[in-house]
Structure formats: structure tokens, C-alpha cells
């Protein structure tokens, strides 16, 4: 075990705490008994194969679909079942997987709406700052969002959420429509840059390697439940993980944390299943 | 059939005419060649080419947003490609309307359940049968005496399917009152009533509990052994591993690789598509 | 029965027959095939006009005071059959507009506009339709067989309307209880899936418009040959709402429910109010009726959207035959008899 | 030629002004709330009669118009809260909703009829003078109406482009779920949408009644189809499209009335509409999202 694991397993104070959480469509649970934490300034990735329930979990956390049980705390306050707009006011910035920009509006208008809760001078200042951070957006500013390419769309969606400077970013498969290079750039460059400002990031990714490379902590989700919780680097180093995504479970690694690590690698609240 | 082939590649023409003349059937049921399609600025399918071999279940897998569903929608005629050619049983169907394509025996199921809610389960099956004499105005007005024999045969067939899929008890239930898994079964049975030559399954296990999922896979295997060709999008790779051969991997709107799932697992680019993106 | 009362009853019965025919036509389009046909009045008006002008003599008759197309003095029943043909044929242009894959509320508005255009044209094209005055003095079919005995003729016309309704019922029943009706309902429930099962949506929609349109035209023809006049102002789009209300109250896609709805809504309302004392200003009772129709629509859509007699579930017997109402009644009788026998033992 | 064209363009501009007031309100209602409200004409009429009461009490019709605006806003808000939202929550589908709005319209229109009887009414409008502006000859009230409509259009434009509320309304119309993700309380925005469009509806009702000089309970209802035509022509849910549609329909109908047959005033407009529906059902100015919604 690399010595760095000790540092990475000492997690910062929890910003978001999800406990024994169950959610789904109608009355049918898709995800159940979920325990997860996102610490202050952490990038946390939820990875797992298609159809594991990752997006459903995120939607329930941000109040797009109602929860069926359990609790969510944000900075210690109980926020279970608050509506999305309330959660946004409390500092969550959510980028959905699809329908992530206002199709009929321009890039500039998208960003202005992102800053809806701000006073006008403040919004202008932030917009200028974001455009400095993402200079590629500048020439697109007057374009209708519908005409953007997949990568540009996602950037606009993230930029829009940045307008409110949320303390927690919730990103649902930000790379799903992007090429390998763009996906890599988005995660290493942009997501890292967001984290460097001190915000926490909760990231769902199906394509896990690049996500794990930028994350501090990771949860592996399979069939609606968290099956592993460990430092991202440890998950990344595990040879069997890549194969898990293609459905092949290497003997011995299905129930135990990778590399035979000690209890450090899993959270007490979220035991490996 | 020969007429519609005029102007296409002469080699293909001769092959197909030999095949049709001798009653032999080519090994490929469906060919989609260099298909492109975009929505706004987002390219969904970028030059995908696939061949579906006869008598097998071909799996179509890939990460979210790879263009699988769009490709199936294009093949079934629900949306039109920007460019590319689709050939079914040697006939170019690229420009045909969805119902004409279905008429040729290319039948699909939908990712979101698409049952006829206010029809009973049995009626959902009956309505799918092709060439019903009672479905024309004249046939309907001539009355039962005209179409009842065919109808009785269809009811018999449908009930056999219901027995085979363990759904007899639900025969008189309105489809809108079924559970998600039962709706899936209805959709598959309904597609079978349409006498498909090729069945396109768009995530047949989505929203189905694991034990019913295993059951459905069993049904699909039995259908394959009866000679039905299928093309199946599925996320559950254990399911793909169990029933699909070959498996086609799509990513970024393109076909990355084709082979058995075990072969694919060891190809770096497939791993990358899933793992790195 | 006094002859005045007999006149009243026979007229009422004929109106009921006309409304029932029309409501069956609309129900086939709306209840069975799922087409929100706000232009339905156009089918009725066109059928009525066709029957009227074909039954009328040349324009020079009666001093040539009215203009119209036709004027062939065709013998009964040709004007009625021709009306049905016209109703079926105009389904094509009307269907063309509805064929665009529009959102259903949007499509409804488009068809509403069509019906208003049609009535504007009919009102304004004096040369073709004699303008707002419409046509009058349409001869009653077979009236000369009855000499001058108007009351007997009224009763004859009741019988004739009833016979037409019976034939229409048989046809409607055959359509709705056939594989064709099943295909209509499948299209109504999920167009995309129906199309993926080789159902030709364009063809099915046009066919539903045509069959319903022919029935609507038939209803118009029977009415115009009875009352002898036709004016565009009598065929305005709100009449379609009355039929729609009848269908929703009676039960969508249930032919008998439609009859119940017609007897309650247009007939019950119109005639119920006849016995109300004349109160307030003229038009008050009329307004009250429309308010009641509006309230009734809201109440039914809220509490019983399926109507008084809901769509019947299609069940199949062991031999693959559709279970009919009679079968169900017989089964119920048998069960109750068995119960009685058991309890008497 | 100009002696016919001049007045008909004048009439056309006046019609277009009233139509623009009404159609922009109608289209906003649809855009923000996603309900095609066919009781809109009757809300116009009811508001117009409220203005009549104010007017009969001795106040200027322009006060009446203000009262009508308030009444129209309140009535629209209540209809949504008391009838449309509960039906939508109960799962009433799109065409079910159309029937609900029609039923509401029937009740409103005939309630007025029950109270007023089938009589003709007119407002007391101050002495009219005529002015000639270029080749146009217009009366005082016509000029006021045109000015009012222009002001209202500028106000709508400013609202949508310059204010927070306008931004929130456009965001909600574009994607309500995503708007909530920006911290916008969309339910309140929808309420605001009903209030604002209802006020425009009320103003449009009075404007229509001023222009038709004598009116009945049914006057506004027959105008609804023209309103819907203008809204659809421009692309439902598109305020600027509705303005353009109003202008096109206002002008063509009056010019057609002058050169073809006065009775065909509306038919020409409707024929344009049907052609648009057949060729480009999403309307002239509709953008992609609306296109997806309307023409599936």
C-alpha cells in the first residue's frame, strides 16, 4: 500500500452526508441503503457500469425525484426532500447528464440565468471571471445553445452552474457525449480547477479511469448499491476494476476491497457489500 | 426484389440474385453501412457500419451516449439518417416508412415501455399479427363470419405465447395496469406475434428484476434456437455474455470492435471506451 | 295522444336519431381512433348541403330565388348516399391537416380553424351556397306517398331514422369490434408502437376520418331532408362541443354510452328546458344550457372521465370468439340460477 | 389605388395592434404554462364587460381598461390555480386540457350572456376626431390603441430582455426543470406568467370592444381564432413571433377585405395559417425546443 493512502484516507469534514438513502421512480426503489460523504474541497467520484443507478441517486440527492427513505445533510443541515431550487439556494450546483443547457437561449443568456440569484453587477463580474477562466467560451457567447457541439454544451452547462459559486458541484456524467480527449480535458482541467477554488465536487462517471484520476475518493456502485468505498487512487490501481465495467468479476475482489486493504479504505458508515 | 437492386454494386446484385434464385439465404440479414446522424450540433452516429448475422443474437453495447439507440431508431425507420444505406434481406430500406419496414419483418421493441394501455394483454398481442383480413374496412364490415377463423387462430397463437411466457393469468388485464417487468414481456410477445424475421430489442431488461431478467434471457435463447435473428441493445453485460454472439461495441457514434464479449474484454480500446471514455 | 303532442314527440325522436348518428361518427374518430376532430361539424354540414341540393330541383324552381350547386331533383335515397360519399371524401383534405404530427392540443386548434374557414366560405359564397340565407324548400323524401297526411309522414320519418340508426349501429359495431377497431385503438394508445407493428398510421387516420365523416354527413342529410332548410349559421363549431360533451358524459368508445350521452345532453337539455317557464330575458335559458354543458364536462372529466358507460373490455372465450354483452348476460343468469338452486336445496 | 390601400393599411395596423396585445398574452400563457388556453377569448370578454361597468359608472374608458387589466390578471390566475392545475395534477392529458379550457370558456361566455342578455353594448368614448398621418386616416381612439399596443410591446420586450422576472420566464418556458436548477422558483414564475398574460388579455378585450364600437358577449370569442392564428403563425410560445403574426394577419385581413370581399377578412388569414401549419407547423419564428414540442 502506498504511504500516501494514509493521507488520502483522512477525509476532510463532511460537506454532504447521505445516510441510508433510498430512491427511485414511483414507489419502486432503484437505489437503496446508500451511504456516502463528500468532504469540503473533495472531488468524489461515483463510478460503476451502465444502469447501476448512479444518475438516479444524483437526481434524488438534488431533489429532481423524491427520495423514498433515509436522509441527506448539507453542512449539517437536514435537506432531505427539499426542492431543487431550495438546494440551489443552499449552495448545490447541479449539471444534469442531458438537457443541461437552455436550448433556445444564447450562451450569454444561459450564464445570466445561472446567475439569476445574484445582483446584476455581481453577475457581470462573475461572468467576466468565468470567461477568463474558460476563454473558449468567449467567441460562442452570442450563439444559440442548440447549435453548440457536445463539448461546448457541457462547458456552457458547467459555466452556468459556476455563476452561483456553489459550495458543492453535482455533475452527472459530464463526459458522456465527449470524445476521449475532450473528456480527459474536461475532467483533468476543468473539474480540477473547480476543486482548486475550494468547492466540493460529486461526480458520477461511467467511464471511470479519468474520473478516478482527478478524484480524492471514490464509490463503486453496482446494481443500485454502493459496493466499494475507497481512496480513488486505490480503486484506480486495482487491476480488476476495469474488467468489472465489462461485467467480469475477478475472483476474490467482488466482496473485499481491492488489494486486501485494511479497514481504512472503507468508511464505517458505508461497509463494502 | 431484383428491380430494387438495379444500380447497386453488381457483385452484391449477383450474389443476392443467386441466393434468391436458389432459395438460399445469405448469412447477413441486415446491413447498415456508414450511417451518420446528428441532432443540432451533437453528432449521435458517426459512420457506423454493422452486419447482423442470421440465426444469432447480436449484442450492441457501449457507454451511454454511444449512439446505440439512435442507430436502432434509424434501422427501424423511426428517424432518418443523414447519410448511409440500410439493407434488409438484400433490399434497400433506408428511405422506407417505419410501418413498411415493420411489414417486411423487421420488428422492434422500445426502451421505454410502449404497450397499448387500454388494450388487454391478449389484445396487445392480437393487434400485432400481420395480414389480418379484418383490418380493412371491407373486412370489418363483412363481419365476423369473414374474419373469425383467422381471429380464432390468432387467439390460439397468442394464448400459446402467453402460456410460454407465463402470462396467461393476465390475459384480460389492461396493459396499463401491469408492472414494469410484465410490460416488457408483453412487448416481446407482441413483437413475436408480428412474425419478425429480425427482432430489434432496445434494452429488454431495463427496469426488470433480476430473476425475471434471467427468465427473459431464457425466452430469447429459446427463440434463437428456433431460428429467430435478433439485435439487442443491453447494458447488463452478464446478460450480453450469456446470450449474445457476436457483440458489437459502439462508442462516440462509431463501431469500435466486434467479437465475443470475452475477446472484447481483452481489447484495450474497448476497455478504454468503457473505462476512460 | 293529441296530434300536437305527436308532432312534438316525433320531431324529438328524429332529432335524437340525428344526434346519435353524428355522435357515433365523432366517437369513432375521437373515442376509438383518438383524433380530436374539432372540424366534425364540417362533415355534417357538407352532408346536409349535399343531400339538400341533390334533392332540390333546378335553381330556376321557385322563381330562382336561391343559388346552389346541383339541383338535380334526384330521387330518394340517392341524395343521402351521395351525402355520405361527400362526407367520406372531404375526410381527405381535413385529414391532411390532421396528418401532420402535431401535438394533440395544437392539432385540435388547427381543425377548429378549418371548421371556421368552412363556415365563412359557406356564408360568403352566395353563388355556391346562397350565402347566409342558405337553402330552403328542400323536398321531403317520399312525401308524395303520404298525400297530405303530415302526422303519418312524421311517424314514417321516425321509422326511417330508426332504421338508419339500426343499420349504422350494426356497421359501427362491426368496425369497433373488428381487428380494424383494435388497430384504431392501438393507434390511439401509442402511435409510434403501432407504426412499428406495421400499422399504416396515415391510412388508419384517414379511414377513421372517412368513416366518421360519412356518418356525420348521413346525420346532416337526414336532418336537412326533414326540416327542409339548410343555413350555414345552423352548423357552427360549438355544435361539435355538444356532441363531444355527449360522448364524454355517455362514455367514450362505447356506442350505447354515446346514445345515453345524446339522450342526456343535447336532447335532455334542449327539451328539458322547453318546459321551463320563460324567465328573464330571451337567451337566458339558452345561456343556462351552455353553462350546464360546460359544468357537466368539467364534472365528468374530474369525477368520471370514462363516462357513464365506460369502454367495454374485450374478452375472448375459449374458442377465440369475442364475448358479447349477450354472452355476459347469459353467464350472469346461469350463475344466479345456480346460486338460487343451491340455496333452495 | 392608394385611396383603397391607405385606409386598409390603417385598419390593418389598428387590427394588428389589438391582435398583438391579445396574441402576445396568449402565447406567453402557452410558453410559460404549457396550456393552450381556449378560454382566453372569454376572459377577454369578461374583462371587457368589467370595463363597461366602470365606464357606465361615469369613469373614462381608459380607467375601465385599467380595471379590466387587473380583473383579467386575477381571473386568469384563479382559473389556473382553481381549475387547470388541479386537472393537470389529476393527470388530464393535453387534449383533455383543451376540453377543460373550452368548458371554462363556455361557462364564462354564457354567464355574461345570462347577465347581459343578447344585447349590443358600447363604451362611452370621448369625442373622436380624425387625423391624417401620411396616407392614413385615423381616429383618436385608433391612434391611442396603436400607441398603447406599441407601448405594451416595448414593455413586454423590456420585461423579457431586461428584467430578472423576464429572464426567469424565458428560462421556465425553455426548460422548467433546469430553471429550478438555477434557483428559480418556477411555480411563482408560472403564477406571474398568468398574471401578466391575464392583464394583457384584459387590456386586449377592452381594446377590441373599443374598436368594434358595439359588442356582445360573443364578440371576443369569434376573435379568439384570429388570435390563435396569429400566435401559431409566429410560433406558439414566441412573443416576438406573435407580434409578427399579428402584423401579418392584421394587414392581410384588412387588405383582403378591401380588395377581395369584406366578408373574407378572416378567411385569408386562416388560409395563411393552414398553409403555415402544413409547411412549417412550428411557426415562422419558433426555435428548436418548441419545434420538438409541437411537431413531433
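Letters A, B, C and D name the chains as they come in the text, with residue numbers starting at 1 for each one.
We take it that a contact is a pair of C-beta atoms (placed from the backbone, for glycine too) under 8 Å apart; a residue touches a chain by one contact, two chains touch by 3 or more.
If you're wondering where the values come from, they're calculated on a predicted model, not measured in any experiment.
**Student:** When A-D is set beside C-D, which has more C-beta pairs in contact?
**Tutor:** The comparison resolves to C-D.
**Student:** Among the chains here, which has the CA centroid at the largest distance from chain A's centroid?
**Tutor:** The most remote chain is C.
**Student:** In angstrom, rounded to a whole number, how far apart do the mean CA points of chain A and chain D lie?
**Tutor:** Chain centres of chain A and chain D, defined by C-alpha means, are spaced 45 Å apart.
**Student:** Roughly how far is chain C from chain D, going centre to centre by Cα mean, in whole Å?
**Tutor:** 33
**Student:** Distance between chain B and chain C based on Cα centroids, please, to the nearest Å.
**Tutor:** Here the centre of chain C sits 42 Å away from the centre of chain B.
**Student:** Chain B to chain D: how many Å between their CA centres?
**Tutor:** 48
**Student:** Would you give the residues of chain D that are in contact with at least 2 other chains, written as numbers and ranges?
**Tutor:** Chain D, residues with two or more chain partners: 288.
**Student:** Using the touch definition from the top, which residues of chain C touch two or more other chains?
**Tutor:** Residues of chain C touching two or more partner chains: there are none.
**Student:** Mind pulling the residue numbers of chain B that touch at least two other chains?
**Tutor:** Residues 40 of chain B each touch two or more of the other chains.
**Student:** Think of each chain as a node with edges to the chains it touches; is that a line, ring, star, complete or other?
**Tutor:** ring
**Student:** Check the chains against each other and report every pair that touches.
**Tutor:** Once each pair is checked, the touching ones are A-B, A-D, B-C, C-D.
**Student:** For chain C, which residues are in contact with chain B within the complex?
**Tutor:** Of all residues in chain C, those touching chain B are 171, 174-175, 178-183, 185-186, 188-190, 192-201, 207, 211, 311, 313-316, 319-322.
**Student:** Which residues of chain B touch chain A in their complex?
**Tutor:** 40-43, 63-65, 180, 206, 210, 235-238, 240-241, 252, 261, 264-265, 270-277
**Student:** Flag every residue of chain C that touches chain D in the complex, lowest number first.
**Tutor:** Listed in rising order, the residues are 36, 96-97, 100-106, 108-110, 112-114, 116-117, 120-121, 123-124, 238, 241, 244, 248, 280-284, 286-291, 293-295, 297-298, 301-302, 305.
**Student:** Mind pulling up the chain B residues that touch chain C in the complex?
**Tutor:** Chain B residues touching chain C: 76, 78, 97-100, 102-103, 107-108, 110, 114-120, 122-124, 126-128, 130, 132-137, 139-141, 143-144, 147-148, 151-156, 171-172, 174, 190-191, 194.
**Student:** Name, in rising order, each residue of chain A that touches chain B in their complex.
**Tutor:** 28, 49-51, 97, 103, 146-150, 152-153, 173, 175-180, 183-184, 205-210, 223, 242-243, 245-248
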